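The following pair of complexes shares a single chain, subunit A, combined with subunit B in the former and subunit C in the latter.
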Partner chain A sequence: MDARLRRVNKEIADCKNDKTSNIKIDLIEESPFHLKGSFPGPEGTPYQGGHFEVDIVIPESYPFQPVKLKFITKVYHPNVSSASGAICLDILKDAWSPVLTLKSTLISLQSLLCSPEPNDPQDAEVAKHYTTSKNSFEDTAIYWTQIYAGGPGPKEKKGKASTARETRDEIAIAGLERAHVEQFEALGFERSKVIDVLRRLNYRGPNVAKLSEDRVVEELLK
Partner chain B sequence: MNTLLSANVPDPTDFPPLTIAPGLRTLDGSLRCNICGELFDAPVTLNCGHCFCSFCVRSSLAEKQECPACRKTAIEGHLRPNPVMEEVVSAWKLSRPYILNLSKADSEQQQRDATPVATPKAKKRKIMAETGTRSGASTSSGVSAPRSPSKSKRTRQGSEVFFNTIPTSDADEDEMPEPSNASANPRPDDLVKCPMCTRRVKYKSINQHMDQGCKDPPLESTRSTMSDWKKLMAGPNKGKQKDTSDDEDNFPLPKASYATLKDRKLKEMLTEHGLPISGDRNQWIHRHQRWVMIYNANLDRSSRNRKTKQELRKELKKWEDEKAKKRRTTVEDNAAHEKRHKNEFAQLVDAARPRGDKGAPKAAASTAKWTAEQSKNNAAISLSGDKSPRAAQTEGNHCEREKNAIVVDSEEEREMVFLQRT
Partner chain C sequence: MSSDYEISDDDENYYVDDEDMIDGTQDDDEDDIDMDTFGDDFKVASKSKRKSYEIDYESLSQTAVEELMQSDVDHICGIFGVEASTAALLLRHMSWNKERLIEKYMDNPTKVLVAAGITVEEPLSPPAPIRSHCSSASASSRRPTRSASKLLGLASGSKSPKSPSFASPPLKATRPPKSAPFVCPICYDESPDLRPLALDCEHPFCSGCWIAYASSKINDEAEHTIRCMAETCALVAPDAFIRDLLVPEPGAPAGDPAEEAANAATWARFQELLVRHFVASNPNLKYCPYPSCTNTVSCPAAASKASLITTVPIVSCGARGIGGAAQMSQSQQLSIGLAGKEHKFCFGCSIESDHRPVVCGAAKMWLKKCEDDSETANWIKSNTKECPQCMSTIEKNGGCNHMTCKKCKNDFCWVCMGPWVEHGTAWYSCNRYDEKGGVEARDAQSKSRASLERYLHYYNRWANHEQSAKLSVELYAKTEKKMEDMQITSALTWIEVQFMKKAVEEVEKCRMTLKWTYAMAYYLAKGNEKELFEDNQRDLEKAVEDLSELLESPIEAENIPTLRQKVTDKTVYVQKRNEIMLEDTATGFLEGRWKWNAAIEGFDVPEKTEY
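Our next item is the complex of A and B:
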């Protein structure tokens, strides 16, 4: 058995035996070099309560080259691509060290969720959202956690009508301000189209001041 | 491939957890290299004090010149063999199965004791009856002389986790195969364990043995001085006897800057060590690099554990064979292969199609025929764009289609073939 397989074996056994870290590693298919890791969202963050899955590919020259990690679960985070799940983390690139294990890298991912690094973003849009209005960013992150990672959702009274909640969801997922969407909706445009255009133009935070309303309407009329 | 994963690879978790046998897991874990997870093989220490297998850390330093554990800068020149660690590891290798058995038997015993929720009194009597024969032996052994405290600890077994640990050592001594031999006054010809090297030595010669630093058969020291002399006498013309004596050249091989070397010189360097010169220049370089690494790592073993050049050559060959095997996977059944990777192909084709096609009014484009040119372009896009992990993994696999005699070199071409067929 080659050294790489032996090491992966040990690492999986290590995760199985460690019940305190809450990190799980499973096989995806037949290959022991393509795995699925999962961990709970860290407490005290918008990701709390969610269950996050990560695609793990172990390269030929492991452990001298880093593992390839990618989120399977959609995550709203400055250092995670909201489209592909690609992760921007130094230890997955040039700061990798062969003493790092699957468990320790997954723990690092977990702590990346705790401390976003908007200055070195993977998803520029999300990072902008984070730096401009953190509250609205957290709203979106909580919604994404709820929808994609099975999180508990925002703490609010359940008395609201369900339709209102759904529309709020749409806006929050796009990372937009509710008032802005309603402003253009009042001009007679479809809500979905408004969200689409505002998202494309990145109409949020200080950007709102830079973009004239005419420009938005122009886009809407296209 | 679950069988592969369930294959029994020894690791620290073989031992019972901290609560039952404190220290055992940590002990096993700290005698393992943090890179490969195996018990140290030719342990070497860096300037920062961290210890790794020689081969592992050499491979790591080839990638990046820093200590894998603490990231302090390190170079191969810093590596120093750690013979003490090597001794410890070889002793642990010997004793590991025995201790594993002991700890297993002990934890089973504890479980058996713990399951019937008996009153402490009844338990005490039961254990006393059970150990009645054993305690006789332990008194004579003299090692566990303070008999009454050990007994009282035994009775508390199961009720307090902390005390669970003490009987482990107790049982240890009880079950030793030679309790009477190790007793207070062994006869001069009895074998006793040396406290330093754990080898069995005659009692009358134990002092002498320890005074000599546990080198019972003092072969190594004389041999090394002899070879030193030989080297001195032989002088510069050592080329002739190169292969006859392995401990001749105890110096690590220098690294070569392959880019500046001519083909002929490279070949010479390979033949010098009895390595094959098959393959192309690239393979020669890889072969020589690997050889230098395993050769130098071998020198970090103590001379007792060193492998012969012949063994090292075999190792190198095995590594090359495995590498070659991985590079080439032949596809025997075309239909089955297509079926099995249908999803993969579909994904790739999907990724290759321009995004705008879906649902857009330009639907005509999607129904249009794929010309060879188009498919080529799109294949390129799919490769540069986001690849599915599976695709990335299989990338570079060479597969041959015997039937159609099309040799497919890369993912790109395979996809093209698929597109042309559909």
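Our next item is the complex of A and C:
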């Protein structure tokens, strides 16, 4: 039997038999070389309670070349592209070793969710959000976990009307802070437009990246 | 290296002597080189004959470079008292910088040996250390991975620290304890006839996995540093280990022939990668960029950046055509214009062709500009235009710029679309950009239009010479057949029908010169010097167009003697004009005569930009 096939089949079987880890590997079609991995978001992180799915492609020269992984589930994380799901992780590149397995790689991915590396980002905008305003970043990450990964969502804060919650949600998806959006809304601009412009300018408050309020207003007037 | 080049009588003979080359390169001591070559008639003669637009260089075969590498390895072996394979890994780790290696090694040999992946890092608190000065820092590339090692105690748990050993045999068959049969941790194979192999770290993997891994690194990643496959293990496989994997021992039972051939090719590729790494580490050397060529050129005169403002270091590796490795028929080679072509390239930049007379900085800037502006300029490159008189579509099919409309018989110039009669007389202004437009431009909009037009003027001529050169070669391919037929049917000898070949080669060469003169002229500041440059350019262009036109005249057996005389005379003249163009421009660079209108790499930034 082809060595690559034997190895992948054994890896899939080992993963099935292992009842202690939460890692799952499933076939997408009949091919054992295109798989779907999944794992729960780590406890104590904004990803807690979410279920994350990963697309796995086994290259021709596996295990001598690394597997190709990308998130199917949308993840708000500095080392994951918010648009494509592409992942920046050393063992998927130069630090790959043929002794690593699909399971160990997925565990590494899970642990990447615990410890973001904003200095080596995949998504520069998310990384900037992470470094400049951690709380706001976590709000967005929790929200993404809720809507994309089936997470529990933010802890209920008392006394909020449903419309206010909806607004907060829109802002959270865009990775912005409510106070910033409201500030420009108060100037008479439409909320959706404010969110659009602030997101495009990557606005994190007036002192960050020398982005003045005038500059934002200028964009809003366009 | 296969070559289908036919030797013609007055081709420059290129003298290649490996022995002499080895002596001449690598040596930093200039006096030594002179001593070595003193008394060699050929070299003395060639030195005095060298033109101002030529540079001294030598061509080295892969074997010659390997000998240079070996002498460095021997040198290090002698100083450190280590094995050749260790010396080779140390040198590669230090990018063949012997001085730095010696300095670092003398300072802390263990640190260097660990960083180079030769020995395993010693434990921080060893029970019985053999070498006491162990270092905690390691510069190896595959170090504890970001997250995997945190969660998994994979291979690292079973790793036992080793003390350095230089003289261990490269291939070590590790004997697993009798109780546990060996299972390869990569392919999960557990057959009893499996051959487990390990480096000094004693991380065993089966030979099949080692071969697949090394082949993938070498062929897919062009990587010559083959590290142990265990996670976080930074040990590098010595060359002998790789060789034993890929090359069967003499007398060994024959394996699968296809597999053995693939492994042999991988071993050859590995050796080539080592040579490439050595060449890339040495500023005096450059690898030939032509496909499947493995030659190297040594050109110490162009090793520094500073030399590139006074010289255009065009070199040739000594080989011609495409190497035997590339499966390409002679006609295929001919159709892409590579048949018997000399491997000419620039030592100073990444342009893989002769860009004389213009210096690297300006040539690169021009190519960048053409790339950026290609959208705007694309329409000019198109092969069809409309006759300026009757507007019918005209296709250019030869290299000559003198166009005659089939419909209205209008004679015009392909480049400027003006009447051809104006080009045949003493006043020939097709090469010169009319600057009045630029002076008269007042507002910003017309200025940017003027600047685009200025660019298009030069680009148009640049692209046209390239296109015409290609068309001349294509046209000649057709003519050649006819000439050969004629040799059979008439009394002409083989040598007598070669004049066309020589002329086409000259036209092609000169069109390349002309092409680059337009890149140069685009950046030359306005003034007397530029005018003289453009005078030379115009004279060469006129001569080339005349010869080009002659080459398109109908060939009949009875007019061959006259045609031959005309073509030969013109070829000699064109050669002379090209010589003048190249000589004068090169001398200008040596004298610092050329002034630019833009900031060219290596040159002073011009105070004012006047086009």
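The definition used in the following text is that the second predicted complex is superposed on the first by the 214 of 222 C-alpha atoms of A that agree within 3 Å, B and C clash if a C-alpha of one lies under 4 Å from a C-alpha of the other, contacts with A are read in each partner's own complex, and residues count from 1 in each chain.
Everything that follows uses one rule, which is that a residue touches a chain if its C-beta (ideal position, glycine included) is under 8 Å from a C-beta of that chain, and two chains touch if they have at least 3 such contacts.
In this text, all values refer to a predicted model and were calculated from it rather than measured experimentally.
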item	value
Subunit A as common anchor, with subunit B and subunit C clashing or fitting	clash
Partner chain(s) touched by A:117 [first = subunit B, second = subunit C, both, neither]	second
First, second, both or neither for A:108, with subunit B first and subunit C second	second
Subunit B versus subunit C as contact partner of A:89, first or second or both or neither	second
Which superposed partner A:6 touches (first subunit B, second subunit C, both, neither)	both
Partner chain(s) touched by A:70 [first = subunit B, second = subunit C, both, neither]	first
Partner chain in contact with A:212 - subunit B first, subunit C second, else both or neither	neither
Segment of subunit B that clashes with subunit C, given the candidates 3-11, 129-137, 309-317 or 363-371	309-317
Interface residues of subunit A shared between complexes with subunit B and subunit C	3, 6-7, 10, 63-65, 97-99
List of subunit B residues in touch with subunit A within their complex	1-2, 4-5, 7, 9, 11, 13, 34-38, 56, 59-60, 62-64, 66, 68-69, 71, 322, 326, 386, 389-390, 392-393
Complex contact set, residues of subunit C against subunit A	141-143, 145-148, 150-152, 154-155, 185-189, 205, 208-209, 212-213, 216-217, 220, 229-233
Touching residues (chain side subunit A, partner subunit B) in the complex	1-3, 5-7, 9-14, 17, 27, 30-34, 55, 57, 60, 63-65, 68, 70, 84, 97-99
Touching residues on subunit A, where the partner in the complex is subunit C	3, 6-7, 10, 61, 63-65, 89-91, 94-95, 97-100, 104-105, 107-108, 111-112, 115, 117
